[in-house]
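Below is the structure I would like to discuss, written out as structure tokens.
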Amino acid sequence: MKPSPITATIDFEKDGVQHGFLKLPHSHDGSAWGSIMIPVACIKQGVGPTALLTGGNHGDEYEGPLAILDLASRLKAEEVSGRVILVPGMNYPAVKAGTRTSPIDRGNLNRSFPGRPDGSVTEKIADYFQRVLLPLADLVCDVHSGGKTLDFVPFAAAHILPDKAQQARCVAAMEAFAAPYSMMLLEIDAVGMYDTAAEEMGKTFVSTELGGGGTARAATVAIARRGLKNLLVHAGILEGEVEAAQSVKLDMPDGSCYITSEVTGLLEMALDLGEVVRKGEVVARIRSFERTGAAPVELRAECDGILAGRHFPGLISAGDTVAVIGVPV
Amino acid sequence: MKPSPITATIDFEKDGVQHGFLKLPHSHDGSAWGSIMIPVACIKQGVGPTALLTGGNHGDEYEGPLAILDLASRLKAEEVSGRVILVPGMNYPAVKAGTRTSPIDRGNLNRSFPGRPDGSVTEKIADYFQRVLLPLADLVCDVHSGGKTLDFVPFAAAHILPDKAQQARCVAAMEAFAAPYSMMLLEIDAVGMYDTAAEEMGKTFVSTELGGGGTARAATVAIARRGLKNLLVHAGILEGEVEAAQSVKLDMPDGSCYITSEVTGLLEMALDLGEVVRKGEVVARIRSFERTGAAPVELRAECDGILAGRHFPGLISAGDTVAVIGVPV
Amino acid sequence: MKPSPITATIDFEKDGVQHGFLKLPHSHDGSAWGSIMIPVACIKQGVGPTALLTGGNHGDEYEGPLAILDLASRLKAEEVSGRVILVPGMNYPAVKAGTRTSPIDRGNLNRSFPGRPDGSVTEKIADYFQRVLLPLADLVCDVHSGGKTLDFVPFAAAHILPDKAQQARCVAAMEAFAAPYSMMLLEIDAVGMYDTAAEEMGKTFVSTELGGGGTARAATVAIARRGLKNLLVHAGILEGEVEAAQSVKLDMPDGSCYITSEVTGLLEMALDLGEVVRKGEVVARIRSFERTGAAPVELRAECDGILAGRHFPGLISAGDTVAVIGVPV
Amino acid sequence: MKPSPITATIDFEKDGVQHGFLKLPHSHDGSAWGSIMIPVACIKQGVGPTALLTGGNHGDEYEGPLAILDLASRLKAEEVSGRVILVPGMNYPAVKAGTRTSPIDRGNLNRSFPGRPDGSVTEKIADYFQRVLLPLADLVCDVHSGGKTLDFVPFAAAHILPDKAQQARCVAAMEAFAAPYSMMLLEIDAVGMYDTAAEEMGKTFVSTELGGGGTARAATVAIARRGLKNLLVHAGILEGEVEAAQSVKLDMPDGSCYITSEVTGLLEMALDLGEVVRKGEVVARIRSFERTGAAPVELRAECDGILAGRHFPGLISAGDTVAVIGVPV
Amino acid sequence: MKPSPITATIDFEKDGVQHGFLKLPHSHDGSAWGSIMIPVACIKQGVGPTALLTGGNHGDEYEGPLAILDLASRLKAEEVSGRVILVPGMNYPAVKAGTRTSPIDRGNLNRSFPGRPDGSVTEKIADYFQRVLLPLADLVCDVHSGGKTLDFVPFAAAHILPDKAQQARCVAAMEAFAAPYSMMLLEIDAVGMYDTAAEEMGKTFVSTELGGGGTARAATVAIARRGLKNLLVHAGILEGEVEAAQSVKLDMPDGSCYITSEVTGLLEMALDLGEVVRKGEVVARIRSFERTGAAPVELRAECDGILAGRHFPGLISAGDTVAVIGVPV
Amino acid sequence: MKPSPITATIDFEKDGVQHGFLKLPHSHDGSAWGSIMIPVACIKQGVGPTALLTGGNHGDEYEGPLAILDLASRLKAEEVSGRVILVPGMNYPAVKAGTRTSPIDRGNLNRSFPGRPDGSVTEKIADYFQRVLLPLADLVCDVHSGGKTLDFVPFAAAHILPDKAQQARCVAAMEAFAAPYSMMLLEIDAVGMYDTAAEEMGKTFVSTELGGGGTARAATVAIARRGLKNLLVHAGILEGEVEAAQSVKLDMPDGSCYITSEVTGLLEMALDLGEVVRKGEVVARIRSFERTGAAPVELRAECDGILAGRHFPGLISAGDTVAVIGVPV
């Protein structure tokens, strides 16, 4: 396989604080000899584990980029035992545009792994993480939120894995993150995900959903900051104690807990995130805005639980996921 | 002045429940003999005051359309003494597109009054409200939210008016609405607003901001539903009692309480809506996403109060209003 | 009023055959010192009446441009007594784009009269016809078809005018055109039309609708060619006899003969152009393509007559005119 | 090979009438957890052959969707011996947009077979037909028309196949369809076609071209309705007699019967669909709209026959097929 | 007339160096409470004349913005006797986009004077210069280049004015600018120009064309820097001597010296900027790229002179100005 | 592998002058049965070598298309010993649009070799050159310029090749071209280039960069014309002498001679093309246009040489190549 076209302007083996770029050549109508410059920082001292902290896997999710940029500008090399690599905007073209997918190739980075060195721009980014950055890491945390079209109660997540020792490491890291909710996920279709790429290399991997709507709140950014610092302490890269916090454990089982709309219209939720719902209750109504006087379509819960996630925009289309019920354990 | 090109498919003078359209001829490349069909309902019985209830003045604000569609499909003629005219999507092309302004002419309806019968599509809509619907009304309530780019604590509002008797009527109606917050507004630039058009005709007028972000929550829709019903009771159109609720009174003075960004980047709020802030405290930080390691630009409050409004998207541009401080009275 | 910015590269007072342009300066991002070059021909000999023949008033109607281009390349000065001015593509930016309205300013030329010399590009074109070309003409014929979104039985038309002598001249010219159908029109909203501009100057004016769908058939182009030649003979500009043909006289009364859809979906006509329909019969069905199993919305005729016009595309939106019933007289 | 990501909301093995969707997950900027909902109906009773009836393979062809939606809403399970599966809009994103190809990936579904479960949206649809729906069928009919840019005399078609017994089955089905014209096709480039996919599985396959221009006429929809019903009778799924009609047999040989334009301009046909043409006669003229006075480019027939197909729009570009001559047999 | 909605964040009456913004409120779909922030600097000391130096009147012309930004960051208050106001990007939305006209309203700022406070964004900018900035100035210099679609020999220009004393002041300032060429202009259509607005107020006004093509060369930026400094010395705002340089005097008479293309194709210049041409010589050839073997259209000079300006892009459209011949005096 | 879908309308084996097209079927929403018509000429007499001369590999580079169109319309069969195949616009969709890459698939033709017969439009063009045209040729010259976003001193180029005999042939041809500069290139990433495709077949290959900016000057077109004629003389296809001219030999070593910007802003070059620069000197400054008063970012040379290439547009983005230093040998 060909080498990655991406080159880093910093040296991941060097001690100290470095701020630089992952430089990805990109020839296009606006610049024949242009590049995409993905910001990266590396803070390293001596020997120790490596944490790879990422945000902007989707370009419209903001808690990750904000907390990682904050950490990158504060962390001192002398505080660190080992190495912290920070990439606040993985799919940088999407981050610049504020969109889930890349405006260049409409690539969803989190479905593009393992990527290709001679593929699309998004595939080249995936390939670089797959073959260069992930192999450097022991602990990987990818901070997601719901983006412009989904909203979630804030949770950290670990996956059910075939290697139970690895799973235990991941669960311990998820608990160290100390988000208000903690979710055990059994992905139905894990193909192409960054999560899967990291886990298949045996890494300790934590993901999150810390809110959504294409915004960030002070409260959710604070969760991200605390979580990332906790992870570094947990991994032994930073000294000190994990800052504990209460966390509700949730399952997000498939099928019956996902509610899909078969109609298009205005979305009227009958309850808000975190509220309790019983099987058979109305979760949402879809109203036609094309005429008055029509009865709304009612969507009902098919299981007991709390409202863990929802479609965010006021307009909803047939086929959109309206709501996700999380089941407290 | 020429007559409006808009015709209603219902008769506002007829008793009973009618659902129909305001039909606005619109010849365009996609349909030479097409029309814009703005949904409208009229529920009337006997003699009594007329309430004109509107949403979708901006097309990305959802509490108004949802509560008005709900009311339009529930209200029975025999419950009404007088008349209720309901237009859930005033700037209907914008509502269909889920955008603040019209995708046809980029018109901001709330800056287009009094409109023109031979102007742009948005101006034609304004003209129809100005010359046909507003004259029919005694009480006018236009339900706004922040839309995709602003978010507010939920409030009803009245304006400071030269006619103090009229102002008192408006304040009484605002109080009847019973939103969690109540705001007295002195508009700096009221030119072109629907509010001004209604107030200059001597109407009792209530406006709101019930949330934002281009979504609606169950809680904010409930505020809108209660508020509209309360208004109809307050006006004597419906029987019964106003459903009272606690409401914090706020002023939103100009100048020092509006915070503008002079830079572009990622927005990190330092506090959330409804939280208390003191003059001199950091309200928000703007972070460059173009490189790591740079210090954020800090924006500080220039007055004491609570965070009443904010820029919603994670990306912010130079010139955007970051935050509005409301001053409790 | 300022002079028109348009200059002709030919001299309308000169005898002979001239092919040239109406040159309209247009500074835009693609050419700071560019112009729009509207093709024009003038064929003149001696003293006699002037005919102004135009097509492309809407840019997606083809019988007019084809017949006029044909005539412009065939007509010899020695055949002519007087003058023929031919503009095959009035709204030339729209003609180039194949769209009803101008891609530059979305202007509908036939609603832009009398235009303005310092207005939009479309208004500048209208102004040039209003102040330069129309005053040169005795007989004006503007060849329309239905364009991409309408289809008609082929007809020539004259308007009911306050000056009955002028009306008689127009009717005589319409009859000379000898289209398969002849329509007397009472325009509801004649403001801004080229027709009105010509008629208010006392010109003999004939309009047509010769088909539609954004195409031209051999048969409809033949109607246009014959009609234009007949007009020139009728006016005494060409020698010879008017080539007569059978023509069904129609009225297109308002209101009940226009059928509008209040829903969006797939359009299924129940009869085709020229077929007879009785009041109460189904003219069209609108079917949802979003699901199977739903009953279509049926639209019924509200008067007796023939199907004279229809919405052409397979998709139809709420507010579109579905069909027009013409009433034979 | 991976399983299809598409799931049906109905059960093809269940007796009765079912209306539902083929649900295709589609994560995009407008909905992170969205789906494309392709309408499908299944009408089944007892044991018997399966007919798979499809429209909307190209999204701007309307006779198929209209006739199939009509059949889906009328057909009763008790009338059926066997099973009828109806998909009125195969390339549903294209159908919604009214375009030949998918607005999502510009995919031409009829060149995307056999598709891929992890490919583009269009390839996923092709894969589902290839691996799920086609194997269920005995008789397959895909109803095409010319779409927005082509127009045809209405015909049903069968292919010349290596398996002459299969070809005879297909010809018999084509004849049962009873369109005004019947065409034997030898596809030059059959790669990627749905036709080829069905035929290679040994299915009895009928295709059609029933008009075009992006519209549907009452007459052509009637041909489609009759044809589909005839097919079901012919297959023994419905009782009764095939409704016979006269059908002209045509060949559409390659090369000399296709006429291509090497210039860009306005298209003026010299004859209309169904008319007779002799070798050497002018079939069409292309006129420059950029200037008057130029001679048109003439295109002449290179074989005898009738005009079976044509370019529909008034504008034509270099490289476009202008006309197809069909040779009666 | 209403006050301008634009407010300056700096005080033009204050001594010292100030860097700030002209803040223009702009509510749009991307930010309901947004503003356009036009950079401005003011460098003032004591009493003396005011120079207003501007660039970016068209957004794709770069010598002006570069020289003015350089001057704004170097000039010290103590060097100045009087005041220098610097606006490097007048039509700031166009400057950000790198386009001649505004991407918001497609406004050409230099055809929008005197503007309107309640007009489009571009008209609001014009109005602010008309009513606020121009009245503050004694000397006005607006630095233009050819932009992306024109290229010029570098020249400064003055207009022929009715007030010969004012004209003499302007010519003296033009000569002080000391560009390689100096041009006396008689504008045909001066309506709407910033030049005209300044001149009608009696200001000393200098304009330039310093190159083009949407780029800037080191040599042309050096001309702009020297010219601006010379102007400030000439006006007595800076001390020292005007840095003289040789300048060829040119006339750019109308009509015969402008060469327009009537065809579309590839532009092949027969001579380059500054070269001598004789009447009747070929200046350019336009070649069709649609086919090989066709003869190019040749365009010939209609007067003697040098090539002073040309169409820059390789593609040229009918109606574009190909070349301008300057006549040395 | 499947045959190419492209067919030539001319016969490359026939003597004489032929002008025609490479016809590439392209079914799209605007024409279901359309084609891309790539102009091609073949001038052949008797036996002798074949030269393949191409331009428009990138669609915004003009010296090649102009010189090749000129040659194609002048060259007579009787002047030729052997064969000259001329394709002035290889990536024809890009040439029509005036863009580097294809507007259909955004393909960069010069990174698409060897192409695929069933790939995207750009890949189909590459495949046709790979498998049909290149095998016919002995000598291949592909004329490039910098396009809209780069500008170069005019040079011809040869590559360092493993086969030194072939390299010597290429160098001899480059020298025969006689451009003002001659460059020996060691491509870092030659994968996908037309150059590599030709060289791997053992062809004598010459490339050029003759200017840039999306325009052509009379002087650079003259270089291209002379160079192509010289090549044909050099190859023995035309009689006569190579027209010699002085040529500066340059190396363009990697790494230190390429200067990249890490910031976005306005580009101010400190020197112009062809000027001498010393290591450590400022080559360019990038200025923020978002505010006045900020110091520019300075970019310095890291080697001695001349400025051989530069970013052309006035706006520059982080990641763009600012300048290339050529080292005279």
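Chains: A, B, C, D, E and F, in written order; residue numbering restarts at 1 for each.
Here, contacts are C-beta pairs under 8 Å (C-beta built on N, C-alpha and C of every residue); 3 or more make two chains touch, one makes a residue touch a chain.
Just so you know, these numbers come straight off a predicted model, no measurement behind them.
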Quick one: compare the interface residues of chain B with those of chain C and tell me same or different, with half as the dividing line.
different
Maximum distance between Cα centroids and chain A occurs for chain C
Chain A-chain F separation of Cα centroids, rounded to whole Å
43
Centre-of-Cα separation between chain D and chain C, whole angstrom:
35
In whole angstrom, how far does the Cα centroid of chain D sit from the Cα centroid of chain E?
58
Tell me, which residues of chain E touch at least two other chains?
21, 37, 60, 262, 290-291, 318
Contact set on chain D toward chain C in their complex:
17, 19, 21, 37, 39-41, 56, 60-62, 65-66, 69-70, 72-73, 86, 88-89, 95-96, 98, 151, 213-219, 221, 266-272, 275, 287-296, 312-315
Chain D to chain A touching residues, read off their complex
2, 5, 21, 23, 26-37, 118
Provide the residue numbers of chain B that touch chain E in the complex, in ascending order.
58, 60, 99-101, 106, 108, 111, 146-150, 189, 191, 260, 262, 311, 317-321
